[in-house]
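Below are two complexes that have chain A in common, paired first with chain B and then with chain C.
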Partner chain A sequence: MPAARTGPSVPVVLAVAVPVIVAFAVLPRVVDLYQTELLIYGLTFAIAALGFNLLLGYTGLLSFGHSAYFGMGAYTVAFIVRDLHVQSMELCILAGVLSTFVIAALFGYVCVRHTRIFFGILTLALSQVLWSLAFKFFWVTGGTDGIRVARTGITLLGGLIDFKGSGSYQKFVYAYYYYVLALFAISAALMWVIVHSPFGKALQAIRDNEIRAGFVGIRVRRYRWIAFVISGCFTGLAGVLWVPLNGLTTPDILYWPFSGEIVFMTVLGGFRTFTGPIVGAIAFNYLKVYAVASSQYWQMVLGCVLVVLVMVLPTGIVGTLARLGGKLRRG
Partner chain B sequence: MALLQTVDLKRYFGETRAVDNVNLSIEEGEFVSLVGPNGAGKTSLINVISARLTPESGKIIFKGEDITRLSVTQRVRAGIARSFQLVNVFDDLTTFDNVALAIFSREGKTAHLGTLAHLDHAVANEADAVLKQFGLAAKRGDNARDLSQGERKLLDVALAYALKPKLLFLDEPTSGVSTRDKGQIMDTIASVVRGEGITAVIVEHDMDVVFKYSDRIVVMAQGAILAQGTPDEIRKNEQVAMVLLGSSGPDAFTRKD
Partner chain C sequence: MDTLVIQTLNSIFYAAVLFLIAAGLSLIYGVMRIVNLAHGTFYALGAYVSAWAVGTAFGLGASGSGNLVLAGQLLLLPLGAIAVAAVGAVIEPTLLRPLYRRPEEYVLLITFGMLMILEDAMKFLFGGTPLSAGSIMDSMGSIRIGSLLYPSYNLVVIGVGIMAAIGLWWFIYRTRFGIILRATSQDRRMASALGLNVGRVYVQAFAIGCFMAGLGGAVVVPAQAAVLGMGVDALILAFVVIVIGGLGSLEGALVGALIVGFVRTAGIQFFAEIELAVLYLIAAAVLLVRPTGLFGKA
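The block that comes next holds the complex of A and B.
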């Protein structure tokens, strides 16, 4: 008897994912430099939201402190570029993810002892410790001025590509776009495997019913911890990639409203689906940029969108599209 | 040597003695029914043995080892599994994934995060076999929350069974199920458990079911063991009839309908 299908078919997923990545690869030839830059931001945030959603969507833990890991990645890059004169982006990634790993393991160890609101508050409180350090120790962190990370000092692919000389800005945006796109594709593939692995299933079981999860032999707290660390590392990677693009890291990205933005992105796209956070992050980035450009009351615009979203589209963009698609198919 | 032995096990809730000096012994391969009026301490006893509750005092010896201080997951690994009175499954996972997860856990594979769960054919085949045994094969792709109450009860038992335990506690596997489905569920459970030679302890209110399936019956009242013996011995025990039915006499357990 042929085994009936029990999970997503890899060829089908590739048949969807590959054309999407190809479309993204073609985009910079169609849109202008500014739009390309916006897309890099979107893809960077998408990696952060993917990491965040391993906790929210798959483990059932709402973190309000993911700014800590994004900021940890960003500040690590700023420190090693400024103080150790590191140029290689690959070294930056290595150091940034490593430091995020350490801080996420430490914070996670404390946070996963609790769930629900207590978990959320703890993640928030711990992230604010990092923020206050960045804010107050200005002789190390530059305080509110932050630390500048000049893209001209950065090299990609072990020094193969650098951005010195004239026309370097344009060169940087295009090269960096493909660099981030590749890392995004790798991150998404990795995360997809994780959530469809036995470990991913165990996380979903913990999300659904932590007591029964224990009674089928799953070490609930340890698994939550591992999920926390993985989640932090993805968000840390996003922070690393964000710095050279932004050219500067400031305490803003450690402050709790930024954690809220990561939650917003994920809810906007839909946290019950794998692709939701990706779509949400890219959409949120446009939303924010255009809201800021069009009105000085941009926070109010975002707030209204959030209210409408929760009331009308609680499953987010992707969840709603999937439901509509299902309706159309059934006729 | 008994498979499970509790020694002076105690668990109080304030003044209430939920488990009061219980010395219970379960032999390997037995099918034991735990009966008693509501509040007799049956579920509390199972909760203490399965580490859902910690005992005030006393010891739990399983396979000759003191497991009193082991955690839930450590006891599951040692070979103790249980189902729940109120259905306790993974609602947003499919029926198949529920059972597959228990198998992954038993095989120590839930820590694997670099392989795709659905490509593990050995686990998939076993999960399908378990679903078939429990009559849930047609529902493998449905989320657990969409199953009927009877199916959810069966899935709850199937989850525990898929762990291939040495000792299986079933807390009212037929509660909240229509009388028609009750017999079918019990037949399914009894055939599966006996077929695998699993030692089972079942909490049940329906005395017809209890007499039909048990090797031995343990009667609890007010947290303590009141009597135990074969179905015949318990049927004749007037004290038990008084406690369970409020009346005694030779026909006390015969259904008058």
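The block that comes next holds the complex of A and C.
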């Protein structure tokens, strides 16, 4: 039986995605080093938000504890680089995603027993277990000082590219940009396949009506659990990629306001669309960097943006643009 | 033995402060079904306003140590709670009310936005340095317990906590407004159909919840200085309290606060590294076994 196709067809998707990826690939030639670095941060957060949105947008579960998976990825890298002297970024990714997989499977198993606000509080409480451990076991985690991960100790593509010697910073930013861009493209493609697969459709059915989804034979809790683990792994990958760029991992990325930032990014872009979290993460990163640079009261700026967003533009950037586009087309 | 008494008092002191915060959070959730992420920040705001009021009126150092000065300072403390209640009464109709028809995620997000705004508003108004009303604690001296000394002010806080618990219980179960509150909490539409002004009940409930948080801040500030970020830390502990006790339950908030207070004191003594982790794990375990908490009704 041929599956009924929904959403845009493959050529249409490629016709949009390929120029965007090409544009991203050309960007470092146009903008300066600093902007390139900001874009890497943006792309990293975009992977995290994509993962997060599998739960919020597609499964209808608001997690307030995704800092746990981001932080798990980040701290795993910091540990294996410091204690096992691992240099290869690929090994870091493998280890980071694997450890996030384990912790997300464990936390998810507990959390998916509930929905709505209880789910949110449970994810929050469990993420804070990790935070308090990172915060208190300072002889392992460095406490609030965190753990330094020098980019000079990292190699890409199995040792093919390293960052020692003079001019290494510049080299790092450009090489790492393409590295993260490639991983972002793979992640986005993978997520696209997931949400348009029968599995993704089942998640959306659960989101829209849990009871009916159960009646047609979807194993609701099992599906939620799988979605939770996938979501955690994407966010964990983002944490892994973020560490060498930031050069340091601290308990702040495990603390619950960081989970709030991930939610913020996703809502900023719009959680009802696939591209929303990507746009939101990149936009949020710029917003935060410029707010921090221009005022010591940057939190207030971000808070006001969030309040206005929720009150006036609940569909986020992408949702609003889509609505405007629809209006224009109709004349 | 003396140490045990002091540690018990410390636990109850801590529980009293937590109860004030958590009871407000629980009340707001119980009546309005709102999880207020800015609640800890309201607590911090109460602490700042009280410390500022005491500091401005009586100078930063303990200028006089007479009983009259002390009485004046103590009378100024509740100002923080009143200020926070006023802020709450403004926020509910302007920011929260337009969102009740939307999914609950939006309300949660707007409280997160409020948290960010309020944190920086406090930084702007009170500066980045800690504000303390420690002169109250100093001039109240301490009492002797066996061979050890214990600050008298902590006993005042415990007293306030007990009085707040009794007062709130009386208010909710023995007054006409309490009946209205519980009716609205159980069935908002029905209450509205019976002619209750639900909008007004919501403002009042939110303001009372904020008042409790502000009171928590106001009573704690003579013992611990108000610092930036104290609200963010407090919120999570208040969550732990109401998750253990049951969301929306007053008795639950009391029992939860006592459990957290004692576990925390024991934790600091015996297992300092995992003290916080243990609390979160207890909360997660309760949520898993009894999602409605020890005292919650489904």
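Heads up, the rule we're going with is that the second predicted complex is superposed on the first by the 324 of 331 C-alpha atoms of A that agree within 3 Å, B and C clash if a C-alpha of one lies under 4 Å from a C-alpha of the other, contacts with A are read in each partner's own complex, and residues count from 1 in each chain.
Here is the rule we use: a contact is a pair of C-beta atoms (placed from the backbone, for glycine too) under 8 Å apart; a residue touches a chain by one contact, two chains touch by 3 or more.
These figures come from a predicted structure and were not determined experimentally.
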Chain B versus chain C as contact partner of A:10, first or second or both or neither: first
Which superposed partner A:310 touches (first chain B, second chain C, both, neither): second
Which superposed partner A:120 touches (first chain B, second chain C, both, neither): second
Which of chain B and chain C A:179 touches, first, second, both or neither: neither
First (chain B), second (chain C), both or neither touched by A:216: first
Chain B versus chain C as contact partner of A:264, first or second or both or neither: second
Contact breadth on chain A, by residue count: chain C or chain B: C
Which superposed partner A:234 touches (first chain B, second chain C, both, neither): neither
Set of chain A residues, in rising order, touched by both chain B and chain C: none
Residues on chain A engaged by chain C in the complex (per definition of touch): 56, 62, 64, 110, 113-114, 116-118, 120-122, 124-126, 128-129, 132-133, 135-137, 255-257, 260, 263-264, 267, 296-300, 302-307, 310-311, 314
Chain A contact footprint on chain B (complex, rising order): 50, 52, 72-73, 76-77, 81-82, 84, 88-94, 96-97, 100-102, 104-106, 109-121, 124-125, 128, 140-141, 159-160, 163
Contact set on chain C toward chain A in their complex: 33, 35, 37, 95, 98-99, 102, 104-106, 108-110, 112-121, 123-124, 232, 236, 239-240, 243, 247, 272-277, 280-281, 283-284, 287-288, 291
List of chain A residues in touch with chain B within their complex: 3-8, 10, 193-194, 196-202, 204-205, 207-209, 211-219, 223, 230
